[in-house]
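Letters A, B, C, D, E and F mark the chains as written, and numbering starts fresh at 1 in each.
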Amino acid sequence: MVLIIKDEYPDKLFREDGKRLDGREKTELRPLKMEVGVIKNADGSAYLEWGNNKIFAAVYGPREVHPHHLAKPDRGVLRIFYRMATYSVFDRKRPAPGRREKEISMIISDCIEPVLFLELYPGTAFEVFIEVIDADGGTRCASTTVASLALADAGVPMKSLVTAVAVGKIDGEIVVDLSGIEDKAGDADLPLAITWFNDELSLLQFDGSMDADEFDTCLKLGKEAAEKIYQIQLDALRSKYISIQESVNQSSNTSGGDE
Amino acid sequence: MMDVKRVISTIERKYIVNNLKKEERIDGRGLWEFREFQISTDMVASAEGSADVSLGESRIITGLKYDIGEPFPDLPDEGVCTIMAELLPLASPLFERGPPDEQSIELARVVDRGIRHADCVQTKKLCIKEKEAVYILFVDMYVINHGGNLIDCGGVSALATLISAHVPEGKYTENGIEWTGNYLMGEDIVNELPLVLTYGKIEDMVFLDPCLPEELVCDGRLSISVTEDKITSIQKSGSATFSMDEIQMLGKKSIEIGKELRNKLDLWQYKVKIE
Amino acid sequence: MVLIIKDEYPDKLFREDGKRLDGREKTELRPLKMEVGVIKNADGSAYLEWGNNKIFAAVYGPREVHPHHLAKPDRGVLRIFYRMATYSVFDRKRPAPGRREKEISMIISDCIEPVLFLELYPGTAFEVFIEVIDADGGTRCASTTVASLALADAGVPMKSLVTAVAVGKIDGEIVVDLSGIEDKAGDADLPLAITWFNDELSLLQFDGSMDADEFDTCLKLGKEAAEKIYQIQLDALRSKYISIQESVNQSSNTSGGDE
Amino acid sequence: MMDVKRVISTIERKYIVNNLKKEERIDGRGLWEFREFQISTDMVASAEGSADVSLGESRIITGLKYDIGEPFPDLPDEGVCTIMAELLPLASPLFERGPPDEQSIELARVVDRGIRHADCVQTKKLCIKEKEAVYILFVDMYVINHGGNLIDCGGVSALATLISAHVPEGKYTENGIEWTGNYLMGEDIVNELPLVLTYGKIEDMVFLDPCLPEELVCDGRLSISVTEDKITSIQKSGSATFSMDEIQMLGKKSIEIGKELRNKLDLWQYKVKIE
Amino acid sequence: MMDVKRVISTIERKYIVNNLKKEERIDGRGLWEFREFQISTDMVASAEGSADVSLGESRIITGLKYDIGEPFPDLPDEGVCTIMAELLPLASPLFERGPPDEQSIELARVVDRGIRHADCVQTKKLCIKEKEAVYILFVDMYVINHGGNLIDCGGVSALATLISAHVPEGKYTENGIEWTGNYLMGEDIVNELPLVLTYGKIEDMVFLDPCLPEELVCDGRLSISVTEDKITSIQKSGSATFSMDEIQMLGKKSIEIGKELRNKLDLWQYKVKIE
Amino acid sequence: MVLIIKDEYPDKLFREDGKRLDGREKTELRPLKMEVGVIKNADGSAYLEWGNNKIFAAVYGPREVHPHHLAKPDRGVLRIFYRMATYSVFDRKRPAPGRREKEISMIISDCIEPVLFLELYPGTAFEVFIEVIDADGGTRCASTTVASLALADAGVPMKSLVTAVAVGKIDGEIVVDLSGIEDKAGDADLPLAITWFNDELSLLQFDGSMDADEFDTCLKLGKEAAEKIYQIQLDALRSKYISIQESVNQSSNTSGGDE
């Protein structure tokens, strides 16, 4: 039995004034916030809010691989464990990790691995645990972005950060950063990730139907959006550095340093 | 994993014990003092209730989902509330991946039992139609950081989540269960406010709210759930033994400290307002 | 579909004459019987009947730990595996061990560990298998009691036996040793176990609602009941010793010893 | 685990083989002799039928539970009887924890097949209403001590359990299935009495009812289920091979020995009496 | 397992790379050339559609079964088509036993997504009665030999299976769903013919349809599903990165090569004829 | 819900002319075809069509045993993994291997082991994977037969091939090689396998009801049928040898050998 709540998928995904239902322009991002160092026990961690997405990422490693046979003698392995909380979605998710979670884990892993120097860590693993507390469309991009930040917070050597964002098509128009409702009611979804050290794509998925021209537009808009997000990632890292600086200064002040 | 524990054992145990003998804690608290609670609620948009509760460095984020199902045959007019807990490997190098382990099960069970026997959840108000349709509430706790004493943190987390609930109210009709447009909230769901208090024991010393280093070296723990004036649940774990006198003392002390904490937390403030 | 058998939960749990439904006084135990050495293949074993409870316990060890990573380098481990037969309860239990069985196993383990000298057995395990063939309320106490006996039968060095019993509240009155029906229809249940070497409690659980005075009464009655059960445990061990004695005497008689 | 087996192999195999060559068994029996059966029934109060059967040092406790379900579409007027077996790690250092292993499955299957094709369980009497409601009987065997040849012990255990059954009789009514106050017992459930006989083979020697040391060293086994005058099931296991002549001989011998055993055990005595 | 891969890496990678730099493949193909497809269909008598497809040395046997179930509430008049894949350990020493691993899931998902967004399966024609009964099609792929690029082989295999389908046509009546005596076949089930094309990337070189040695040493792959003139799905895997220019070029090339392959394979020939 | 297709189990399993429904005589086999070397990646492989049965078998080994604890220090192990495709039967089989598949795997293993020299391969395993693509009665016999052929193709030393076939009773008459419909609607089923090196039975199962005389007839007819199948196995091995020969000859011809 289910509680019957009249379904509220809107007929149109644009308002009369040409803006999207949440008031955004076509190329505007949802509100986005990141913070590092949020999980004390982890070697590195980060937290992200992006629209209604709320996601934690924690990094442990380099450490021993369990089970042992997954270790590689000539390089380290990156293991991503993407999970969603049961209550992070409209219909309660079953507690055990499902197929979809394993698949997204693999995608994120492929997406981040190019920026790491795994050959320096033979026989060990970096394990990144991602927990989606609240989901609102685009969790794989948001998770990639926050996981990359957590790795940086852990001091893992990286060629660059990775930044991911989805572009899509709703009511026939190309827009960036699909919200949950746009994702469900829209026509196409194209998540991508950029590895800044070489300006290439390390994640590229697509589901929908587009001709070659539309597709080119998506890639262009996606890159522009990623650049904005990248700045927010950098700010999150900087503000931790600054707050450490400040607390150092403060404590030298309190302890009566001779300035 | 266990190596961590062992290393801590040999280095820190003596230090912790020596402090306790002087009635001092490694973080400066008294024997019967809680660490600070930090609470925010209803921050998960997808959940019908949620709470983010920290107790010292322990942090648990809990959410509520509901389903509608048939009641148990022997309780035809009562809804159901289930508690689940997961010790995420994200939260500590001590937690392993895989299906819920004994510690997760214990956390869920102790929190659940503290609530179940305290007339906390208003199961009769969770009935839509006798014998046919009742609410099933899922209160799912995820441990985000493990700083010791997850049980007391989880107890407050579950309670705050239930108080913050806003479950669409269903009406039984011929065509199924229709939404009335209203929500079940706050006291529609929660009555009594049971709290669970956990004590650590090392050698012959007992103390409230073990932090992680204390928890890792202690011989055992005792969790006592209390309402305003009753004990509603007890769980001993670990290999410590407790004397009759200790147990009686801790029972009385729990009612007393519980009363203070209940006043201080003022959990009813977390009832949501929906215009 | 289920067969409809009118439910026979009694309105009252006391008879007109003030006795409990099975004719017991408030502080009277159900009939109780124990025997050791019942499973030939085991290193130690015991069997218990307590009301309608029928429970076997077998001990194997000290032996290698499987899987290896559960072994501890500086001490032995006690592993309890409590299981219920599918047919031991009113509604057939599912064959696979459930959550509840794992939880009770952990409780029993915590309860018995204090009497063992595990530090003498680094790297090994004592494994105690408990099989409930018929269940009638209080299986965790009965299992603790019979497991402790099986360990003694196995010759495992112990500080003392452990004895467990439940106290509870039915129709507002405190009684000892709840039967199955009292357990289900009663108001409160307080299983406890006593480690005789220090006279302390190694198991203490409680579910119900009691004020501090009622609670004190429970503890007092629980201890008195445990003392009676302890004697039956000792008798079971003695009678094995005696029967060995007798068979030794007998065989020396038959073989024509010169008395 | 397997080390135990190997050690026994090298030390005892020769001794066992040498004895068998002289048509002698290590426990003094003849080649075609069963160990002693000990049977008690209906001792599990929670079960609707039960048996505690020992064959030498092997001991299996079996219980019967029932459920009511829909019949299989192709057998709309027949109830169902399922057999399960578990080789409890309690019963032997050779048994491991975990989900039923191959040996448990084999035990259940061989006992099940011996019964299934022998017109033993009266499946038509287990129908409450055609196409709608039939009994599902669960006969669950737990091995309490492993002394070899669990199959023959289990066969008798399952049969004695079924004979001792007392299943509440249901009547189909508009409101569901109501209890008539009577029970299905004994011949309401059981018709034929099939027995299963297991033979060990070492090198070219064959013998009945292997005890544990014999079972651990033998090359293979052959289990033959028989009714009064028919063979109803055969199962070979292990890596032994059998000649055509041996098989024919064992078929005839099984009917003969089965007849004797059936008389001796007199299983109908275990039908319960309910006043 | 992985040792195999490593050994190949160090020995063959250089050889493969050097060839590719000269725009040559180790099996003599050009950069944008498929290996040979071999297709036979409807050879599994128990299935309602089947295909045995080889692409070079890769071979996948796919079968279709159906069930009838309730539609999803948000798509009340549409049937469902699910794709499963299993990389049998029979097919390669690289495949392990156990539940479907990441590679199996990826194979199923990429093939599924290529079909799902291409208006390929006529889900509305798979509805028997709105809100009540729709067909659920199970397209299950088993990898029989692994010669590289299972995805493109699987894509054709799934499509040929669907085209060869012959699903009994059901009619909703008061007594249940009755067979009309006809079958749903070919264009009753399939509309568009999407193909999936997979490219390997080693260093900065990209090429179509990697054979096994190429797949084992390549840095990553890109699979693009196309209909006659649209891209309907893309999946990148592995740790390679692709530049914007490469992606745009591969998108256009896929539509072009897809058109040729679609003509060459002429998959509609595999529609079955039932008299 | 199910689609109602009137069930077509025939009343009789013999036609008016005394032949079986598929036109066979009582002792006639269904059409039977075998081929070796069909799976390139395997160390040995074989494919069989027998009536509508379609079965692949592949052999890997001797190779390391996973998990390690299954290895035996004094001999090799034979591991059979019998699996059915989901679509190989009328009602879709669940994808995960079931109890029945494990049981048949064990039976086939017991049946083939006697012809191997496992003592020559301590610590290793021969793994035989069997995949039933289409099932039509008698898959355990067909699988045994094709697995034995795959082992021979792998060059594993064997005392002899193994050949399996089922005999059974339909409408009261004894017949060989039951088809799927005869298996389901028949009265008895007796699969057997012969190890030709000693002319003994390494597989013998029976379900049904027969007196001793009927049973003897079954054994006799089974052996006669197995002899015919054995010849087809041998032909399959020979034709591979011949085709290798031919290709050798051909290539020496093409390369212009001086004959």
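The rule we apply is simple: a residue touches a chain if its C-beta (ideal position, glycine included) is under 8 Å from a C-beta of that chain, and two chains touch if they have at least 3 such contacts.
Computed from a predicted structure; not experimentally measured.
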* To do: Identify the chains adjacent to both chain A and chain B in the sense defined at the top.
  => none
* Structure fact -> Any chain touching chain D and chain F at once appears in the list none
* **chain C and chain E: spacing of chain centres that average the CA atoms, whole Å** => 59
* So, what's the distance in Å between the C-alpha centres of chain D and chain B? -> 49
* Asked: If you average the CA atoms of chain A and of chain E, how many Å lie between those two points?
  -> 29
* Structure fact -> So, in whole Å, the Cα centroid of chain E is separated from that of chain F by 31
* Tell me, which residues of chain D touch at least two other chains? -> none
* Based on the touch definition given at the start, go ahead and assign the chain network to line, ring, star, complete or other. => ring
* Starting at chain E, then chain F, how do the chains run round the ring? -> E, F, D, C, B, A
* Structure fact -> chain A contacts chain E in the complex at 2, 7, 72, 74, 99, 102-103, 106-107, 110, 113-114, 188, 190, 195, 198-212, 215-216, 219, 223
* To do: Using the touch definition up top, name the residues of chain F that touch chain E in the complex.
  => 1-6, 39-42, 52, 54, 56-58, 60, 63, 66, 81, 83, 85-92, 95-96, 127, 129-131, 133-136
* Asked: Where on chain D does chain C make contact in their complex?
  -> 43-47, 50, 57, 61, 63-65, 67-70, 84, 86, 88-93, 96-97, 99-100, 133, 138, 140, 142, 144-147, 168, 170, 175-179
* Any idea which chain D residues touch chain F in the complex? -> 2, 6, 74, 102, 105-106, 109, 113, 116-119, 220, 222, 227, 229-244, 247-248, 251-252, 255
